[in-house]
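What follows is a set of structures to go through.
Same chain, two partners: chain A is paired with chain B first, then with chain C.
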Partner chain A sequence: MRPLSVVVRTGCDFFAWFMIVFGVNIVIHGYMTPGGGFQGGAIIATFLAFLLVAYGGKKVLSWVNEKIYEFLFEELGLICFFVLALLGIGNSFFYNFLASPLGAERTGIMSLISPAGTTVFMSIAVGIEVTGALSLVIIAMFRGIRQFAGPSLPEEEIGHDR
Partner chain B sequence: MNWNEHLPALLLALPLLGAFLAPLCSLGGKTVRNAMFMAISFLTLLVAFFLWRTVLAEGIQYYVMGGEGSRLSLPSGMAVPVRIILEVDALSAFMALCGAIASFAGALFSLNYMSRFTGLSRFASLYLLLTAGMLGMMITGDIFNFFVFIEVSSIASFGLIAFWRDRPAAVEASFKYALISQVGSMFILVAAGCLYGRYNMLNMAAIGSALQMGTMEKLALVFLVGSLAMKCGAFPMHMWLPDGYAEAPTGVTCLLVAVSQASLYGLARVCFSVYGIAIGSAFIPWMIIVFGLASMFFGVAMAVVQHDMKRLIGYHSVSQVGYMLLGLGVGLLVLGDPRAMAEFGMTAVTGGLFHAFNYTMYKALLFLAAGAVYYATGKRDLNDMGGLARKMPYTAVMFLIASAAISGLPPFNGFVSKLLIYESSFAVHPFLAVVALVTSVLTLASFVKVFQTAFLGPEKGVLAGVREVPPAMLAGMAVLTVVVLGLTLFPSWSLSNVAEPAARALVDQSGYIGAIMGGGM
Partner chain C sequence: MNGFVQLIVLMLLLISAFFALWFKDLISSVISLAVFSLMAALEFYMLQAPDVAIAEAAIGAGLSTAIYIIAVRACSGVKRRQGGGPK
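Let's turn to the complex of A and B:
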């Protein structure tokens, strides 16, 4: 894929960032508004799709570090989700130990946390995970287009027949 | 804190944690990753074992995800359970133990078998995810959750079957499996939708307590039976099975055998615990029996002409699944008739379930032995092999034990469960037992051929450099051999302590429903 015209690239420079802001907004309010962690994460991942379309694969793939998506986003999200579920094990797995009943007064550090409790954090964890995973999917699918042009497998890969 | 209470959740949480940790651990190098992989597999096996002991000692265990207490199935005076509930009766625990053993053996085998390939952090991750999905299908008490776990296990298996993506055959097998299992899981979703629309409930026990046979229920039953028979490889829908089993890396094939048993478990659970006597007509039981007969006979008929070792064993899977379907179908046929049930119905169900356990063990062992032969010789075609028993004595002995078990030679464990199925199906109609016997004879013929061509006979010149496989692979096979020999040497103990509690739990619909609907604490 070659880069598009300067108009498109400038438009992308302006607007791609807003996709992240919008996605984060959906992730953070996911526990009580339409959308949620998955949907917000998918919107954040479109950031990479914008860049790929506007700037072309060669340039973008030289910027992107896949390890950041894999370890910082995917792993962090998954492990946060698991730990949040495990913290409730005093009652049961996935128990919402931060929630409080409707209208109850919250004091101290608890007043900073929404009454929805762990649901908020789980939604954020899912958002982080989906951001990483879908960005990796976009990169992998883009590489798939290129696969027919060059050698069929990356040099360092050892498969069944080679 | 009482960990016994949390065993059902831990059984799912451990392999999931392993799947999440695998890429992180592979940053620390090969040793850390392998240690994590083995530790998680072994801990899962331990948890499954303790869960099984607990269920046998204390009766049905259930676990409410996210509830104020893990045993509070009906909170604050509700009439129906609303949360996701894991319900583990003797049958679920029995199947979970069986799956966990296969998963551990496959993981142990994969350590050496896969060591020369790249992408192993993904392999470990998907393998543990597949284990989690399989165990989830076996212990969930919620029909939508069952669909979710089927999807988890299907998606993990697509990746694992196509793990060698440089082989077009592997990609094709994975694609075929993806198509079939996606259609199957959509059927299950439609069935869950039918039942949810009718009863506003998703919990299997709650649906079972309210079920009255009508058009919607019949529709749901047909979708469930059709798709689950497809997923466990019954005859007319079996075409994905030999491909998938033959092309997947061998450690994975061992686990896939157990995953197909999870679908069989789902079929039994739906027919006996959700529908039970309400199933009414004899149509569905006879349909299951006919699936069983067709799978048995055509599966083995297709197997005898194969040359590829893993494909041949894959076709035998189709025929072995037929035995279990026959046993369960006969049990379901006479479920409403207490006298016939006591006379031969219970025997049929016990035989079917015991065969499921035996089958998973010896079939996984056969696949591992075939994989070991491939690892040592680099050949899959039987015509290129010969005289391997001298070079690979341990593998040969274990293969011989597994072939004797699958052919139903007395005193091996396959014989015990097959005998129960012959006896009980004979009482329905002699023809059923005749088909089962003929199948067993053909199975024996087929495995005599395999053992003779691969392990006996003159040595081939090209195989002069072949050596016995590395220790971890032998250990993986040894785990399964020990189980097969244990079931063989103590047939009456294993029948009364392993198979019969599971069969009683399956038939006892009111017990399954009462554990959830009988009120919380």
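Let's turn to the complex of A and C:
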């Protein structure tokens, strides 16, 4: 896949980073506003799709490291989710041990944590996991089609790729 | 007023779905599907399901469009090398 024109690449440079900011905003406010881990993670994973469509495959695949998406993002998110669910095992699985009742005063280190408790951290863990998984889906899809692309394809910039 | 806006959005849904089937050019079909997803997200938002609307906009209009474009461009490369293609 060849890179698109300089207009598309400049637009990608300007706007692709805001996808990450918007996705992180949705993830960390996911416990009380619409959205959450899955939606925010999908928006963050759109960043890699933007880069692949605008810059072409050869350049982007030399930038990204799949091990980061596989181990740092996906497995770290799953492990965080499971450990957070397991920490409340004194009462039950998925027990919200950090939550406080409505209107209760929170002092000390607990005042830094939202009254929603573990829901915030579970949303962030799901966001990390979905980011890694959907980015891996796109990378795997792209690696799968690369074997059909012959070596004769030129890598210069063109306007429309049809 | 709300019913009128919903009627317009549903008409746009039908029109974009029709053009997704109508176009011979595959890139145009994919863009029509992206418009379909956008209108579906707008309809979900007006039916007071903003959670589903965000998921539809992210997955339907963002990720699946990019995946379709990747697939179409790869197929057009194969077609060009084998001497076929629409042009």
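Note that in this section the second predicted complex is superposed on the first by the 146 of 162 C-alpha atoms of A that agree within 3 Å, B and C clash if a C-alpha of one lies under 4 Å from a C-alpha of the other, contacts with A are read in each partner's own complex, and residues count from 1 in each chain.
To be clear about the criterion, contacts are C-beta pairs under 8 Å (C-beta built on N, C-alpha and C of every residue); 3 or more make two chains touch, one makes a residue touch a chain.
For clarity, every value in this text was computed on a predicted model and none was experimentally measured.
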Is A:I79 in contact with chain B, with chain C, with both, or with neither (first, second, both, neither)? first
Which of chain B and chain C A:L52 touches, first, second, both or neither: second
Does chain B (first) or chain C (second) touch A:S114, or do both, or does neither? neither
So, A:N25: does it touch chain B (first), chain C (second), both, or neither? neither
Touch check for A:F71: first (chain B), second (chain C), both, or neither? first
Does chain B (first) or chain C (second) touch A:I43, or do both, or does neither? second
Quick one: classify A:S100 as touching chain B (first), chain C (second), both or neither. neither
Chain A positions within both the chain B interface and the chain C interface are 152-153, 161-162
Per the touch rule, the chain A residues reaching chain B in their complex are 70-71, 74-75, 78-79, 82, 85-86, 88-96, 152-153, 156-162
Provide the residue numbers of chain B that touch chain A in the complex, in ascending order. 1, 6, 9, 13, 16-17, 20-21, 23-24, 27, 63-70, 116-119, 164-167, 170
Which positions of chain A touch chain C when the two form their complex? 1, 26, 34-36, 38-39, 42-43, 45-46, 49-50, 52-53, 134, 138, 141-142, 145, 148-150, 152-153, 161-162
Would you pull the chain C residues touching chain A in the complex into a rising list? 25, 27, 50-51, 53-55, 58-59, 62-63, 66-67, 69-71, 73-78, 81, 86-87
